[in-house]
Each structure stands twice: as C-alpha cells, then as structure tokens.
Amino acid sequence: MPTILGQNQYGKAENRVVKITRDGDTHHIKDLNVSIALSGDMEDVHYSGSNANVLPTDTTKNTVYAFAKEYGIASAEQFGIHLARHFVNSQEPIHRARIRIEEYGWERIETSESGSRFIGADEVKHSFVRKGQETRLTQITYDGERWEVISGLKDLVVMNSTNSEFWGYVKDKYTTLPEAYDRILATQVAGRWRFNWTDDTQRAPQWEKSYAQVRKHMLQAFAETYSLSLQQTMYQMGSRIINHRSEIDEVRFSLPNKHHFLVDLEPFGLKNDNEVYYAADRPYGLIEATILRDGCEAHIPQDLTNL
Amino acid sequence: MPTILGQNQYGKAENRVVKITRDGDTHHIKDLNVSIALSGDMEDVHYSGSNANVLPTDTTKNTVYAFAKEYGIASAEQFGIHLARHFVNSQEPIHRARIRIEEYGWERIETSESGSRFIGADEVKHSFVRKGQETRLTQITYDGERWEVISGLKDLVVMNSTNSEFWGYVKDKYTTLPEAYDRILATQVAGRWRFNWTDDTQRAPQWEKSYAQVRKHMLQAFAETYSLSLQQTMYQMGSRIINHRSEIDEVRFSLPNKHHFLVDLEPFGLKNDNEVYYAADRPYGLIEATILRDGCEAHIPQDLTNL
Amino acid sequence: MPTILGQNQYGKAENRVVKITRDGDTHHIKDLNVSIALSGDMEDVHYSGSNANVLPTDTTKNTVYAFAKEYGIASAEQFGIHLARHFVNSQEPIHRARIRIEEYGWERIETSESGSRFIGADEVKHSFVRKGQETRLTQITYDGERWEVISGLKDLVVMNSTNSEFWGYVKDKYTTLPEAYDRILATQVAGRWRFNWTDDTQRAPQWEKSYAQVRKHMLQAFAETYSLSLQQTMYQMGSRIINHRSEIDEVRFSLPNKHHFLVDLEPFGLKNDNEVYYAADRPYGLIEATILRDGCEAHIPQDLTNL
Amino acid sequence: MPTILGQNQYGKAENRVVKITRDGDTHHIKDLNVSIALSGDMEDVHYSGSNANVLPTDTTKNTVYAFAKEYGIASAEQFGIHLARHFVNSQEPIHRARIRIEEYGWERIETSESGSRFIGADEVKHSFVRKGQETRLTQITYDGERWEVISGLKDLVVMNSTNSEFWGYVKDKYTTLPEAYDRILATQVAGRWRFNWTDDTQRAPQWEKSYAQVRKHMLQAFAETYSLSLQQTMYQMGSRIINHRSEIDEVRFSLPNKHHFLVDLEPFGLKNDNEVYYAADRPYGLIEATILRDGCEAHIPQDLTNL
C-alpha cells in the first residue's frame, strides 16, 4: 500500500447543552458547546470501512446530555474531565480523548425597583440576559494516564485610548508609516492558558475562581501597561497571569491589532487633536506569542485562530 | 421608454467612526457605524449616467468624520440629526436623507484594587472593554420639514428558565407537538421604537436616558411576564415601553423563539426533570408584531430582519 | 387599553429541506430553506396568551416536510404556492401566508474520464458539488384571492475590470475624491423581481426557465454596459430584465459598490498602471433602486438588506 | 525573571490584493488575501518595547502590493515564495517567514449570443462573476534554507445522495442510533496537501496545474467510493491524491459530517422512501485524518479548523 494513515480523530462537534440547576426559586444556568475528538485503534475504519472499533459520534452526543444529568456541570473543565475519562476508560479502542468546550455567560435581569405590578420580584430569579462579551473556552485531553487542561477565551475586545506609542522601528524601502507618540491600542483577545495539573493524585485547581482571576489580571495588565508596542503589552498580560496564578505555567495569545486610524481633517479646515478615528477592518497586524513560566515547556498549539 | 425609475437612494454605508472625548484624564468613547442614504432628483444618473446631481458617497463619508469633530457625538440620535439636516439643507437635489447608526457599548476596565505596581490607578481612566451585549440602533429620516426617529437594538439574548407554557393550540393533521406546561422561553431581541418627536419646534427627547429606560422596561416585562405564548410576552414588552415612555408611540419586535428542547434521557435510564436542554439553531419560530399607542399610526417597517 | 396591536405575523423560519428525486440511477436535488409567516385573527394570543387560533410553528415545519413528499418540489415558487394556499385555505383564522425560500444550487461532479478503477461511472449520477455562487430567493404571498410572487437572488459577486468611469459629480467643502476615468466596478448583487401573475386563472410563469433567463440578462447587462456610474449600470440591469421578460413588471436592486482602490506605488518607485488594487471591506457605497415597467405600481419592499 | 518568551510571530494579516493583467482586451484576475507572519530575534520588543528589530506590519502590507507589481502573481504559491524569500533575506533579525494566502476564483460572464445591442461582444473580456465555490489556500514557510509549501482548500460542499451506509459499530449504554443502509453522505471539505519540494535547486511543481488535478482526483474519489463510513471515503480521497500526484507526500482533511436526517413522515400517513431530508446544522460528526505517502513524515498541523 503506497499510502498510510497518520494522526486521526473523530467525534461529535458542537453539542449545545444548557443545564438548569434549581436552588429553590433561584435558577442557575450553564450554557456550553461541547466538541468531542477521539483517537485510538482506528486503522480499519479508514482502510476498509469496518466500524467494529467505532463508537458512533451520535453516541458521544448522547453521552454529553446524559452526563449533564448524571454529573451536573460544576465547571466546563470538570465536565470535560468526566467526559474524557469516560471515553478512554470505557472503550478499549479509544486511547485518547480531547474535549473542547465553549461557554457562554449569563447574568440576571434586574427587576422592578419596587415590586412588580405583574408578579412577585422573587419570581425573576429565573430570568437572564446573555453577557455577550468573551466566549470562555477549555480543552481537556486525556490519554488514560495524564491530563492536559488548556483554558482560555476569545472575542474579548479591549481598547486603550492613550498611553500607546509606536516608533523606533526598522525602515526599509517599503516603509511609509509615520511614527506615533499617542495612538489608540485596541485588540480582540484570543488567549489560552495551560494548567500544571496533570494527574488525578494532584489537587485540582478551582476552575471557576481561576478563570475569574486570570481574566482580571489579564485585563489589568492591558489597562496598566504604558505601551511601546503591542508585543510588549501582550507579554505583560501573559507574565502577569503566570506571576499571580501558580496553577498556570504557559499562556498563548493571538492579538489582532484593531487599527484605529486618526482621520485627516485638514482638507476640511479642521484639526484632529486625537479625537476622531476610523476603525478599520482589514488588514490588521496580528501579534502572537507564548509566555512561559521559566523552566517549563510549551505545549499550547501555536495556531489559535488559523489566520 | 418602456421602463421607469421608482424609489431610489444612495450613500456610503458602514462608516466606522470612533470619537474620544477627554475630560481631563478621563476619556469617553462613542463607537458608531453610520450608513447614509440620500434621495432626490436622481433620474439623470440612472438614465444617462450624468453625475451632475450626485454628491459622491465618498463625500458623505468625509462628512461623517468632519461632523464628529465639528459637533461631537452627544448621542447617535443627535449625531444622525446633524447629518440628515446637513445633506437635505445644503444639497439642492437631495430631498430626503436617512441616517442609520449602529452603536457599540464600552465599559471601563476595573483597575487593581490597591494601587498598581506598574502605573497609577488614575491612568486607567482610558481603558475599556467592549460590552458585547446588544447593538444599539437608530434611524433618522428627514425630508426638510419633518423628522422621523426610530431607535432600537438587536442581538440582545434573554431567557426565562421557567414560567412559560404553551398549550391549547390548534391541532391539524400535521400537528405532532406535545403541549408544554413548563418550558424555557428564550429569544434574541430585535426591536425598534418610534419617537413622536417630528418637528424642530418640539422639545427633543433625552436620547440617552430614553434608551436606558426603554431597555430596562423591556427586560423587566420579559422577566416578569408569566408566559402562555411568546406573542403574549412580546406584547407585554411593547406595551410596557409605551405605557412608561411618553416619547414613544410605536414599537416593533422580531423575536426568534430560540428553542431549548428537553432531551429525552429515558433510553439511558435517567429522568430529565427540566434540567438538561438541547439549544437548537434552525428552524426556529419567528414572532413579529407592532404595538401602538392607541390612536397612533404605524410607520416602522415590518421587515426588521429579512428572515 | 392604552396600547393596541398592529401588524403581526408568526411561523417557523429556516426549515431546511432537501428533496432527492430518483430518475433511475440519476438523482436530482432540491435544497431549500423555507420560512413561514402567517397572519390573521391573532389578537387573543397577544392580549391574553390564548392559543385557540394558533397553529403551532412546529406544525408549519411538519407541513413543509410533508408537502415535499406529497407535492414534490418542481420549483421553489411552485412549492411556496402549495404551502401558502394550504395555510390560508385550511385554517379559518389565517388570512394571509407569506412563504420565503432560499435555494442552494448543486451541480454534478465530473467523473473519471475513462472508466473508474473503483466503480462504474454510471454510479456517480448521485454525486454533487454545491455551486456556492448566488443564493436563489423567492417570496410567495397569498391572501386567499391574489398571489404576489417576488423572486430574486443574493450574494452574486461581479466585476468589470475596465469600462467604468466616475466624474462630473457635485463637489462641496467635504469633497476630496479625485475623478476616475478607468476604474474597477464590482458589486455583490441583491435583487428581487416581481411577477405579474396574481391569479389562479392566469397561466403561471415557467419558474425555472424564468430564473435562468433573468439571471442571464442581468449579468449580460452588467457586462455590456459602459458605466458612468453604478446607478446607470443598475438601471440597465433592471431595464434589460423587464424588456426581455414579459412575466416581470418590477425589479429592485441593492448594490454595494465593492471598492477596489488603486494602490499608490510611487513611494516605492513603481508605476501602478491599473494593475494592483486594494479590495476594501467598509465603508462602501450602497446604491438601491426600483425599476418598473411603465404604468405599473411598485410593490417590492425597499429594504432588501437592512443596511 | 520568572517568565520567559516562547514561540512568537507577527505581521500584517488579510491583505486583500487584486491584480489585473491585460492581455490586449482580455483581462485576467488574481484575487488574494495575504497574511504575513515573521519570526526571529524579537525578545526585546516583548521584554522592553524596543522596536529596533521590528519591521512594521504596515511595511509588510506595502511589500505585498509592491510585489504584486514587481513580480506579478503567476500563482498564489509563487507569489508567497517571493514574499517569504524577501523578508528572510533582506531583514537580518527575521529568521523565518510564513505566508498564508486565500485565493478567490472568478469566471467570465457569458455574453449575448448574437452580438449585443449595446457594445461589441469582445468588450466583455473584462467582465467576471465570482465562482463562490471553494476558497483556495496556500501556506509558504521559509527559514532561509528550506521551503515548506502546504496548499489546500476550504468550504467545498459535496454530497452523495446514495451509496453510503453506516452499521456494525460499537454499541454502549448511550447508543440509540439505528443502523443505516442507504444514507446521504455530505461534507464541507477542508483539506491541505504538502508538496515535497523543499529546495531551490529542485524543479518547482506547476502550482496551477497541480491544484486543478488534486481537486479533480479528490472529487472523483468522493464520488466513486461506495462508502461504509466517512473515514473510509476520506482515506480514499487522500490516497487518490497521493497516488496520482507525485509532487505531494501528505494530505490532511477535516470533514464535518453534514447530517441529512430522513424525516419521519409516518405521523402524516406518508412513507419517506429516501426522498425528504432535514439538513441539520449542529451538532455534526467531525472526521479528521492525515494520509501519508509511505515512508514520509507528517508535517501538516492537525488543527485545520479549531473546532
């Protein structure tokens, strides 16, 4: 046979599961999009079409819904761990499971200040509005022995309206960009961070608290860094996470430089004193890097966005 | 000539303008997407290609940026009024201007609790994160005499996890749906509301305050209505707006019923006690209506979403 | 009651139906996305939540699938007519049905030139690749007496790399655009055309042939018009349709001017002789008009794209 | 320093360039979206914000446009090779360049059969309609010594309406799927293939011809394989490419199983004889694999879609 099979995986992608937990009248939501990828002894199905080792993708979907009932969803990370362990441990031909989860946040709708005319204010403990800001992410990989947990987020858009400069760069024959001493710095954060928890015998991180703290440190580093380049700001964001969160050894960012160009108003007899900007779509600078705890190895895939 | 020209309009669409206003160290953002549509004596350009009456769309773009400097952006509505008035009053062939604006909200990034190690906390008065929830909308139309202002929003996703039923409906030979006595009700709100301000001699509404209040009443009506149908909830949302906001005479909604189907867990020996749902994409119910102040006429176009 | 109900409609949107017709070994595909909107005696469901007049949207979905079997899908238009007639005629409270359909085209995969080594070439009469060019559209409206059929398309991207000029336009204080004597003209066509068939006693148009012919004349008019403005080209496109197709009385277009800007290469010591262009995203000119057969009234909604 | 910098890269992404080549009256289009990623001695800009080694992303954009003039665009691959060589060879701190390109296809508009009434038929040699089917892709990587060229495509949607089965799979307690002996098999192909050309001293492949041939063999393998699983079909697609194209050593696919579910029409007294299908959106099976020429190593990244 002149061709052979290389790395392969399969499973059901984008299983949308919403779990409602009732604490008396107060409801809680977990809203996930779960994708399963399984690998193992799968030569036959590729070479001959024999499905003797294939657990159907439809079954992996059913398992997501059944597990939401059986185990609940304490966090996306914990839920992914249950799923990955199940597939590897229960299916002889499956040697590795990778669970990817997107999580959408919700917050409660504030109710009428002074008692609704319609129904009691306590009733609205079941009413929610989707936050709509970043999408939270996690990826759980399990090979029967070790865990790799990489969490993160995407689509978090941030802007500093000052305290950003860009000058002192290389100039070649194709360089026309003027130096900037006070510019807008804006980006749409895609980030991932890898936990150093790898073994069931270790104490697991507090997944929900960890996410909130990482997000906070990352945003503060963005806000508080006086920026000479987006690379410098990005490094501060990653470094701040690792310095404050001992459970994390590695961070990777993919940061588009969402250009805001100062509009030339001189043709209209007006002076644009860093007031009026054109927010451009394409092209955009794309700045990507891994930031590591000293002594640790990099494992997060480099290509977060395929751009 | 066997064919004639009917209604027509032209202009530059999707001009992205970001305006930074500096109040000492504290910055404020307005982030708009402005689309211009002009109508008037435009037969020649269609019949012969003569541009003698055509103000270039590029000029309408320039005007957006120049006006952001000249007039500032107190609100999307006020900015649209300046633009519409300008095009109709300054260009003889232009008889009508329609300005559509999308507005993206931003909130401040919270800074380090107790003084940053990097720079002073007061510096971060220029750091923002995009809200990412609904997109605010307005449409200003001016014909040289009267104004029509229709504001609204899109992409605001809301959910009630209980207090929704659906039963007692018509059954024909194609009906298989079982009645529901406790279901999730979720939708992605697209709404528009028309102001009764039409004349420069009237006192104009407080555009920013009006938006915040309409949004609040709409969300509260959604949360507080015990729902027997999405139509009923929608009517309450519109009615609540009109009853609380005297500046508004008409509301229109286009509400997709974002179905959350209870997953059948019985094949796995599990009981699903309104806990585990599958969030479906397509198809979806689409519920649309106009709600009017009694005695007023409807002017909001019926087709908000082209779905 | 201080508020009243205005125009309203409801139904299941985006029902994706694929119909395979087998002509011996040769298969044929119809691939549709069907949206239903019903109106009538619907006050109660809005005011009180009584569903006594409400045929569930789920039932309208079931009807789409059942009718694909019962009637087949000779064309999107014919299929929509069956559906609209059914809802209005079979449901007392329903007075008007509007059926919107998107259709996705497929073409056959070409097979091995000289007999496959795998299986017989005749087998591949069931293999297709999606065309992926325009999406075909139709909208059928029926009130129990008269029909309105508006067909069209969207997302058909066309370009002339020369034979387009733009000059002789109005210049005001905000005008900076230089005149152009040889530019690229490109657009993404959104078009609708209304048939003059309104009554079951008239002979119905040949829907499939009509679509192919309209598309052909529209593209040829785009290609063959030496353009002094996009408005002129647009008018020619509509006029050509009406002049060649007696079944059509009205056309409406919404044409974004997909700007291709000549890149300034002089800073690099290069001359750009209409060779290298930057294809911009936003903003863009948006040119819209209705073209009518003389003596006919306009009925196509003006807002095809909500931009 | 407790944190260190890992892999990093930067550049301008999504530079949209359209190149018109004039062969007398006959024009030719190349329509590309070019993304640049550069790596090298970039510690300083991350640690301190010094841009002394940073060629601005804006300059990389300018280079794309200048090179379109200087070198033309014979193929996306050849154009990417020019760019990658330039950045690595001309900039001391740059050690590696990765150029990603999307290409959009265009075809000529057919003109009036028998001489236009408007202008001569030869004029329309400059009129095009965008193909809109797959997007062609390539990625060029150069480190100053060796080349890696990975080409591919995305968004090519294909369907077999019969000759697909799925049975004989593993059943566990969460399995409810019935076996299928005649189903629709449809997917949206994302594929990449790696050339074994790595060195300037080797004769380069004919990039345009290679693409056309790979696409043909891939489609034919899809059409001609009697499928017992999507994995089997995928393997045939990759194997056919490698067997027919000696310039390619490795193929990777990411194939969503675009489910078409047979609709249960029995509640309506109808029999669905493989005629009426519901085309589902989410979830979907996702089947991914690498197919290699025997003896070759895998280099294509596993994560083509980030799903």
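As written, the chains take the letters A, B, C and D, and residue 1 is the first residue of each chain.
Criterion: a contact is a pair of C-beta atoms (placed from the backbone, for glycine too) under 8 Å apart; a residue touches a chain by one contact, two chains touch by 3 or more.
Values in this document were obtained by computation on a predicted structure and should not be read as measured data.
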Can you name the chain that lies farthest from chain D, using the mean of each chain's Cα atoms as its centre?
-> B
In angstrom, rounded to a whole number, how far apart do the mean CA points of chain A and chain C lie?
-> 37
Take the average of all CA coordinates in chain B, do the same for chain C, and state the distance between these two points in whole angstrom.
-> 25
Take the average of all CA coordinates in chain C, do the same for chain D, and state the distance between these two points in whole angstrom.
-> 28
Mind pulling the chain D residues that touch 2 or more other chains?
-> 16, 62, 66, 174, 176, 267-268, 281-282
Just say which it is for the chain contacts: an open line, a closed ring, a star, complete, or other.
-> complete
What part of chain D is in contact with chain C in the complex they form?
-> 16-22, 27, 29, 31, 62, 65-66, 68-70, 106, 109-112, 116, 118-119, 123-124, 126-134, 155-163, 184, 216, 219-226, 236, 260, 263, 265, 267-268, 270, 272, 274-281
For chain D, which residues count as touching chain B in their complex?
-> 173-174, 176, 267-268, 281-282
Would you pull the chain B residues touching chain C in the complex into a rising list?
-> 1-16, 35, 37, 42, 45-59, 61-63, 66, 90-91, 93, 100, 166-172, 174-177, 227-229, 231-232, 234-235, 238-239, 242-243, 250, 252, 256-257, 282-294, 298, 301-307
